[in-house]
Every structure is written in structure tokens, then in C-alpha cells.
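The first chain written gets the first letter, and so on, giving A, B, C, D and E; residue counts start at 1 in each chain.
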Amino acid sequence: MDPVRLPLPVVDAAPVVPAVAKPFVHFAVLDDLLNAARANSLWPLTFGLACCAIEMMAVGASKYDLDRFGAGVFRPSARQADVMIFAGTISRKMGPVIKQLWDQMPSPKWSIAMGGCTIDGGPFKYPNQYAIYEGADHLVPVDVYIPGCPPRPEALIAGILRLQEKIKKGEKGDARP
Amino acid sequence: MRQSAGPTLERTDEADTYYLNMGPQHPSMHGVLRLLLKLRGEEIVTCEPVIGYAHRAHEKMAENRNYIMFIPNTSRVDYLSGMIYNIAFCQAIEKLCSIEVPERAEVIRIIACELNRIQSHLLWFGTFLLDLGGITPFLYCFDDREEILDILDRVTGSRLTYAYGRFGGVTMDVDQDFLVRTLAFVKRIRSRFPMYEKLVGENVIFRERCEGVGVITPEVARQYGVSGPTLRASGIGYDVRRAEPYGGYDRFDFEIPTRTAGDCMARFEVRMAEMEQSCRIIEQAVAAMPEGPIGPKKLVQRLKPPEGMFYFAVESARGHFGQYILSDGSNTPLKLKMRTPSFSNLSAMETVLEGTMVADTIAIVGSIDIVMPEIDR
Amino acid sequence: MTLAARTVHGFHTLLTGLGVTFKQIFKRNVTLQYPHEKPELSKAYRSLIKLKRFDELDSHDCVACMQCVKICPSACITIEGGKVDGIKRKRATLFEVDFALCSVCGLCIDVCPTDTLEYSRLYDEAGYERAWTYDLLAEFREEEPAFRERQRVQEEQEAAEKEAKRLAAEQAKAAKEAQASKPPDAPEGTT
Amino acid sequence: MSPASATPVSLDGLLLESADADFAVTGFHRVHSASVERIGDVARAYDEGAYLLEMITCEDRREDLKAMRLVYTFNRFAGDLDRHVVTVDLSGEIPGAEAPSINGVYPAANWFEREIYDMYGVTFSGHPNLKRILLPDDADFHALLRDFGRMEDAES
Amino acid sequence: MPTTLIEQFGNPAIAIATGVGGVMTVLSLNALFLIWLERKVSAWIQRRMGPMEVGFHGVFQTIADMLKLLGKQLITPKGIDKPLYHLAPIVVFAPVVAATSLLPFSKSVAISNIDIGLVLIFVFGGFAVVGIFMAGWGSNNKYALLGAMRSVAQNISYEIPLILSALAVVLMVSAVGREVPIDGEIVALNGLNLAHITMAQVHWTWFILVQPVAALIYFISVLAETNRAPFDIPEAESELVAGFHTEYSGMRFALFFFAEFSNMFIGAMVATVLFLGGWEGPILPGPVWFFLKTYALIFIMMWVRWTYPRLRFDQLMTFCWAILIPLSILNLLVTALVIKVVQS
């Protein structure tokens, strides 16, 4: 039997974006339709940082084929992307670039932290580490975390499916509850 | 301390030129390379590669840890030849502390490293075509690459960043099924080469885009310390496996493919020929697989390295990867410098890219096959 | 080659390129439809570590020797344990691994003296929370008291056997001394 | 294996001391040490001998040698293998340590020297644009110095 | 002669309403289908599966894309040239609708039947260039500017072989169609009227058999006009990030996306009219043949896109000026010579 994941309390990630009030008017059916459309056409930003980028490419390739979920359209320009997949270690020099890219993306936008480095520093975390941000949470609100070093392509697809469920439930990415 | 993202763009000094920032996030910048180009129209006046966006402090970690605890870092320095780097670190320590490696382990290591080299060249071929605009060859290469990842997964357990080597051998033995699948893969990849040749090698658009583009003369290669397929495409047949044989490579006969043109097309042909040579090595290695142990029973942890300076070079998919170890006899290195090939190959770009078009820059940088964390360490 | 010949040859190569891709259309696709089809993982597959269940003990055999904690490069294993309520063999009472830090290098498995660690088959982990600490003792926790009981009984048996053996050894020694101290006249009571 | 002794490079008078090294163990054919002033001539000599600059690195030897030591490795890719290492000792204070840049002879040195300046703080006189290469430009520390960022004195 | 809407409805207001309505629905349905087809064709060629999860075989995938793009935030970057930036998508998209209304779908159905239909098509084709340049120049982004400069040079230079090869067809039509019986009376065919061109091919044979060189040049030029690979240099993904539409997000980007596929659709339709005999076909009704031939051409365009790398910009220019234009002029001369010889 596989080890059971501890129901640890959520480590309070650095609150990056102030919470946005719930929308005042609810269009029940339209909201669901719009959320379903958003969930099924998540255009990721081509944004490989390190080793996980190769596994992200493998997911885009024929064997695992991300296009089956409508997410295979990798948009190079931040203006046309919906989800930013952090694939690899985030170095300190890359921090301002990531923040700028995140601001350039039109909302609703989501982010997936793929690989140990983007969750908690991964194999490069040691006391007094000077070169990397230990976790993508220091820069950007993260919606889905995928552990592994590097996570298998199936894990990234599972992560995207989790993100789709989250969107279908209607939670906007950058408006943290 | 606020971290700025590198040189900011100002007005250029020359007339009718402007700075274009092929920034850290760019579809064909192989990770997080940033080219600060000064352009006149579409022609490049000066090009300054700005690196450091994937700096992860490997060398600082090496100085803070025992030798054994640095093993996971090695395959993450250049994750496209992860196996070659992982085995190279183990071989360096074995040479340093003169640890004996059983013959079967050596042959297994050679097969794994050559499979890793083919996989790296395949991925280079795919991304090179992607830079030139052809999308389909990229996906065909990934089909073949997935085959290699499956085979290596059977014995190392991971797909990309391996921790398969230990001081004195490897962690898991190879069974008959692995050997059969490797030979089947070699047969399959050999049937795929003519298809790639027809789809891409002879394609007139590809030839127009590559011939005569980004010529690196042997003199420039020597001045910048260029190594690997990029050097061999400029006519110098230097390959560490032949120049300073290590790990049993002298037992197998294989040629070192070279070309003299030194342009993108020559680099393409050298890498395709190199894949064929790696297949030959694998076939001979599988045929000559000796019986015997694959490594020490107990994990070798406490090392007694002699003091002084040591250098151990290996031929990675991108070129001459040298490890310089300064040891003071303790179980932790005083200094571990990793001389990575792409660092020098990319530094040569400052002269090679002058005067070329923007589209050629993408082709040339793509043709020298760089991996950013290997440059930034 | 004149311009015309080059154009014709170029056009010919373009057609062969089209031929190659056209043949690919009719070949079967190579996609593994992940959520519907599960991948078959190789026997050497490496993922997060887990505790092996030994048949003779019917439980794990982690003696909290802290070897793996010392050697783990990313320090992602935390263990607490020791001698528990009277059993001589040490037991781990807390064994947690932070999967976000683990680089799956396998050094802990190689260094474990009781060889109780092995790789789990987790391959598609994804979630909404940032904490990825796994509790490896979860499956053994409820049967722990039963195990300790069996262990205590077994240790008492061993102690008893050792006791008995020691007694037997003393008797044999005493008997030998007794025999040695009356050498020439007839040995009495040779049974 | 090329005979280590027959070095086609005329280094007479430029080096402080030279010694043969056992290639099988250390990976070098000859180990030299040169003074700071003569490193430019040494580099030119190697350049004439068609050697290439394989690598420059720096060691923080302030504890035992009271010096920052630069390590230059020269090798031949075109001929048969012949790897020489040349060590140069500089003054021990950072940011005081200074060495002449050999970028004029070997353009490869440009990035090596920038990396050493970035990681160790050793400045190179005559370098075209000596600024940080790996760390962000406004970083105010030199990462690989032994007293910087040690694991034990981290406030975890 | 196909009866136009004006003749059917008499009242111009209704005619215009039905015409525009019809064209818009045809275009939007077709764009949705083409985007889905493009992803499926690329999947077949690359031996993967393409959109699968959103409805059977991903049929509603493009609808999901469009709905999502509708719901996206419209970012207006700082420092842009406001009028140019906002007008660009409309200028790129509008001529597409106009050009579709000129085409004769079948013997009886046509939205309009203008004597200089072919010239109008090329005029509307020229509009797209202006729109792309406005987008590139207006969005205050160096990549977009580079993309815009490239697209202007490319479209203008490839317009010449396009028109020259079409001229060859016009020559043939007027030569062949001296006296052709159309619903009763004999009429001399006017080479510029699209319906007449199709009639000529009905009357004689398809022009692709007679003019293979012109057809090839026309097809290559249409690829270049619609910025499709191997000529997709203005929005070269690997060089200029996303070319002229780098700064567009949400529905504005969707309009560009929409216009690109509609341009492809129109290019294929005009090629069908010029070379493959429009609505002419043995048993199936007119429009079915028309769309069948159009989608065959579109499939070839997609097939070409997923096979070839991209030309460099100066190679594109030399290919056009050194090979295509001389070839098309030569072809025109030969056609004129042959017609002169045949007629005398």
C-alpha cells in the first residue's frame, strides 16, 4: 500500500495577492458554461526553466498528448496564455521576470507549480541557499502543486485535470479565496 | 537585496540601431538564455548573451556536502545527458580514491551513457527543427526518445535525472529483457534515420536555412575552447572518449564523425552520424556483456581521497565536460569546478552571431545545442 | 547547378517530404490516454520511499538508527524512535518524508542497515496544498500494539532460552571441574 | 598518450616552478606555477604552441596559503592530448586581489574571468566588460568565498 | 447565370441583411470547424490524438476556446497608438466578410454577381496587409513591429505572382468563352466575372489541367498571402514570439485568429473557382462540390504547414522575385502566344 499523505495544515504561503470580494451578481448557468469553457481550453505559456521543462515538452509530445484536454496550444506570448506552468527551479535572477510575465497575463489566469523546486526548493534547498526562490509561492499565487523530481508526465496531466476541476467549481485563479 | 533581472535596455549609441531583448522567456531560447541584441533593421550589430537565470549554486552545494551526497546534483547539472554526468562524477571519485569497478558495471555504464547520448541528440534535433519552424519532426523525435526513456526506466527507475551510479558500480543489475529491448531499439532507430533524412536532411528549405549559416572556423573554436559536435563540425576530430579513454571506451571501436564546413548543416550531419556511432557502441557492448557483480555490496561512504588537484574529463552529448576537484583529504571537496562544454560554446556566439539575421541567430544558437542550467551551474 | 535545376530538385525534395508525412497519417497513434489507461510502471520504478512489510515480522523493521536521515542530501526524512515499553529492539514511532524535497536518489535505501525501505508506486500525485509530507507509518500504526506484544513475547522466549543455555553451560563447566578435581581413583557416580 | 616531457611550448624563464605529473592519477601532464606578472606571457606562449585555454578557476586558499589561487588549464584538442595546469597566487584580501586579464590572447577567458569576479571577487585588469555573469547585477556578495553562506551559520 | 440576392428579394435592405447574415454564419461556422480540423490534421500527422475530451473527438473544443477568449480580460498595453491598436483587428477581419460575398457558390445561388469580382477579391486581399501593419505598429512592441514590417513586404511582393497567375486564367476565359450559350442567349464571357470563369470551365475543362504552372504559383502565393507556413514569417513563433499579434489578448486575438482561418478559406475558395471549376461536378449539387474542393485545398495547406520548416525572410523575397514572378510572366506570355496561334 502506498504511504498516506499527511493532512497537514496548509503552510500559509506568503499572501501575495489580497483576496477579491465574491462577484455581486451570479449568472448560474452562464457562469458554469464559461467556467467549463475556461477549464477545457487552458492555453499554457511556454515557460521551461530547468529539468521539468523537458517533461513538460514530453507531455506536449505524441505519447502523452496534452492536446487531448485542449491544453496543447502552447502560447509564447503572455498575453494569450491562461496558465503559467512553473517547470523548473526559480532562480533569484528570474524573480522579477516572472513577476512581470505574471502581470502581463490577462486574468482569469492560473498557475501550476510543477516539480519539487517550485513547491519548496526541492533538491536545491539547504540552509543559507543564496541562488533560488524556494517555492513559486514567493512570487505568484499557485493553484496546483505537483511534487516529484521531475514529476512523470502523467503527474502533470493529473495536475491539469485537478486545475480543471478547480476551475469548473468556479474559483478564479488570481483572486485567492 | 532587491534582485534586478540583468542589464536594462537603454537608447543605443549608434544611429538607426535599437536593442532587442530576446529575453529569458522565449520559445526558442532553450530554457532561460537571454540575448541582448543590438539590431540595425534585422541584422545584428552586437549580441551579448546574458546568462545566470538558471543559476542553482551547484558548486556551493558541492563544498558543503560529502562526496556521496552530491550524487543527485550531478544529473541535474545537464539534465539532457543526466546519465553521462552522473556516471562521470562517480568515475571521477573512483579515479580520485582508486576504487575498483567490476567489468560488468563498466559495460552497463557505457550502454546507459550511449543511450543517454542518443536521447540528447534526438531532443536537440527536435528543438533545432522547432527553431526553424518545422513542428512535426519535433514530435517524431519524441516518439523515439520515449523508447529510450522506457528502456532506461527499466533499470534506473527514473526518466530524466538519474541517480544510477554509485562509487564503484551501479545500483541495479541489467536483465535479459533490458538487453533485448536495447537491441530492438537500435534496430528501430536505424530504420528511422532514412525517414529523418528524407523529411529534413534533403528538404530544400532546411538546406537553405542551414548551409553556410553560422560558420565556426577551427581558429575561433580553439580561441573560445569550443568542444563536442560543434568542434567536430569545424574539422577537429577531438572526442574525449578517444583522446583520454575512460571507463572502458577503448575496448569498443567507433569512429569520430567530423565535417569541415563548420556551419549549421555540418553540425546537423555530425550529430546524426554520432547517433549511428553510439548505436554501434551499444551493439558491441551488449554483445560483450561480461558476467559478474555490478558494484560493492555496502554503499561506499567514507572516502579517503589523496590531497591535491585532480582533473577528470568526460565526453558529454555537448562536448568536453571536465571536473576539477581540489581535495584536502577529507570527505568533502575543498572545491569542485565543473567545466561545462556549453559555457564555452555559447561564449563563442559573441563573434559568430555578428552580422547575421535574426532568423539565423535562432538557427545558430539552436545548432550548438545548449542547455541553460549546465551553463549557469 | 543552374537556378532552374536547383528549383526542380528543391521541388522534388519538397514532394518527398510531403510523402513522408502522408504515410504517417495512416499509422496508429502512439498516445497513452492517461486518465483512461494507466501506465505500466517498470519493476525498478523509483518514486517516494515507503517501509517494506516483512513477512516474518508482519510489520516494518525500522530501528530508528538515523542512517538515512544523515545521508539524505536534501534532508527530507524526519524520524523519531527508540526503545519502546520494554522491548529491546528499537522501533521508529514517527517516520515522515517531505516528497517536495526528495530527489529520489535512493541513497537512503542503499544505506538502511535493516533494508526496510523500498520505492512506492506513486506516479500521478497532484494537489492544491503546498505541504507534501508523507507519513510512512500510517499503514502500520493500528497494528503496532499487536506487533509489540508479539515482539515482547518473542524476546522473553529468547531471554529464557539464553538463560537456559547459560545454565546448561554453567552446569557443563561445573561438571567438568568436578571431574577434573578427583583424577586418580575411580570416578564415582559415572552415570 | 603523448610523452609529457616533449612540450613544444617555450616556457623557459616564465615559470616559478614546474613538475611532471602522473596523468593517470591527477589528469595533468605538467603542473606549473607562475607569478602574477608573467601570466600574460605564459598565455601568449601557450597560444603560439596552438594550445587552447580549457578552463580558469579560482580557489579561496586564504586559510592555509593566505592567498587566492587562480588555476589555468591549457590543453590541445587539435594535436594529441597534453594538459598543463598553471597556478597563480594572488594577495589574500577581497576585494584587493587583482590579476591581469588574458582576454586579449584567449577570448574564452572573457567569461571565465567574469565568473571568477562574480563568485570570488578577484578583479581582472584590462577586461573589456568585467561585470557579474551569473548572479544578478546588484548582488552585493561573492558566493563561493568560503566564509559566505555556510550551512552551519544559517539562521534556519 | 446565378440569381443574386437583389434579384430574389428585390428590396435591398432584406438582401443585404440575408447576405451579411449568411456570410457571417458560414464564416464563423467554418472558422470553428477549420481550427478543429487544423488541430486534428496536425494530430494525425504527428500520430497523436488531438482534442478528445470536449465532446466526441473534441468537436466542441473550438467553441470552448472561443467562449474562453470571450471571457478574457482585454489588456490595453501602455504606450500604444490607440486608434491603430484598436482598429487593427477590425481592419483585418472586415475585408474577409466582404470578399466571401463575391463568390458564386453554385449555378443558382450567389450573394452577388459583380462583373469585376476577381479584381475586388484582390482589393480586399490587400486590406489585410494594412490591418496587420496597423497591429504591428500600434502595439508598441519591437517583436510586433518586426512582424509587421515583414508581413507588409511579404504580402505586397507575393501579390504580384498571385495576380499574374490569375491573369493567365482571365486570358483563357476570354479566349475560350467567345460565344457560350447561357440560359438561352449567347454571351461573350467576361474573364473578371467569377461566375463567368466557372462557366468557362463548365463549358470547357478545368483550368488546372490546362494551366498547371499557374495553379501551382497561385497556390504558393495564397500560402504566402495568408501567412501560412512555410511562409509564416510575420508571426514566426520561434523568432518573433507571436509576431504582429503579440500584444493582443482575449477577443481581439480571437479576431486575428478568426481572420487568418477565414483568409485561408477564401484563398482556397478563389483557387477552386479559378482552377477547379467552382460548382461543376457530376451528380452532387453545386455548393457541395464547391465546398468539397475548397476543403481539399485547405487540407493540403494544413498538410504543408505541418511538414516544412520556415523560410528565412530574404530567401522568401529572392524566391518570390527571382523564381515566382519570372515564371508567372513566362506563363502569361506562353498562354497569350498559344491563344494567338489557336485563334488565327
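General observations
Throughout what follows, a contact is a pair of C-beta atoms (placed from the backbone, for glycine too) under 8 Å apart; a residue touches a chain by one contact, two chains touch by 3 or more.
Computed from a prediction, not measured in an experiment: that's the story for all the values here.
Of all chains shown, the one whose average CA position lies nearest the global CA mean is B.
Counting C-beta pairs in contact across A-C and across C-E gives the higher total for A-C.
Taking each chain's centre as the average of its CA atoms, chain D and chain E sit 63 Å apart. Averaged C-alpha coordinates give centres for chain B and chain D that are 24 Å from one another. With centres taken as mean Cα positions, chain E sits 45 Å from chain B.
Shown for chain D are the residues in touch with two or more other chains, namely 134-136, 143, 149-151. Across the assembly, chain E contributes 43, 45-49, 52, 237, 241, 306-308 as residues in contact with two or more other chains.
Counting partner chains per residue, chain C has residues 14, 17, 20-21, 24, 29-31, 33, 73-74, 103-104 touching two or more of them. Here, these are the chain pairs in contact: A-B, A-C, A-D, A-E, B-C, B-D, B-E, C-E. Residue ranges of chain A in contact with chain D, taken from their complex: 92-93, 126-131.
By the touch rule above, chain D contacts chain B in their complex via residues 25-28, 31, 50, 52-55, 57, 59-60, 71, 73, 77-78, 80-81, 83, 85, 87, 106-108, 110-111, 119, 132-140, 143-144, 146, 149-151. Listed in rising order, the residues of chain B touching chain A in the complex are 3-6, 23-27, 31-32, 52-57, 60-61, 64, 72-73, 76, 79-80, 123, 138-139, 142-143, 145-146, 149, 159-161, 372-373, 376. Listing the residues of chain A that touch chain C in their complex gives 1-6, 8-11, 13, 62-65, 68, 116, 119-123, 125-126, 135, 137, 142-149, 151-159, 161-162, 166. In the complex of the two chains, the chain A residues touching chain B come out as 45-51, 53-55, 57-58, 61-63, 74, 76, 78, 88-89, 91-97, 100-101, 123-124, 126, 129-132, 149-150, 152.
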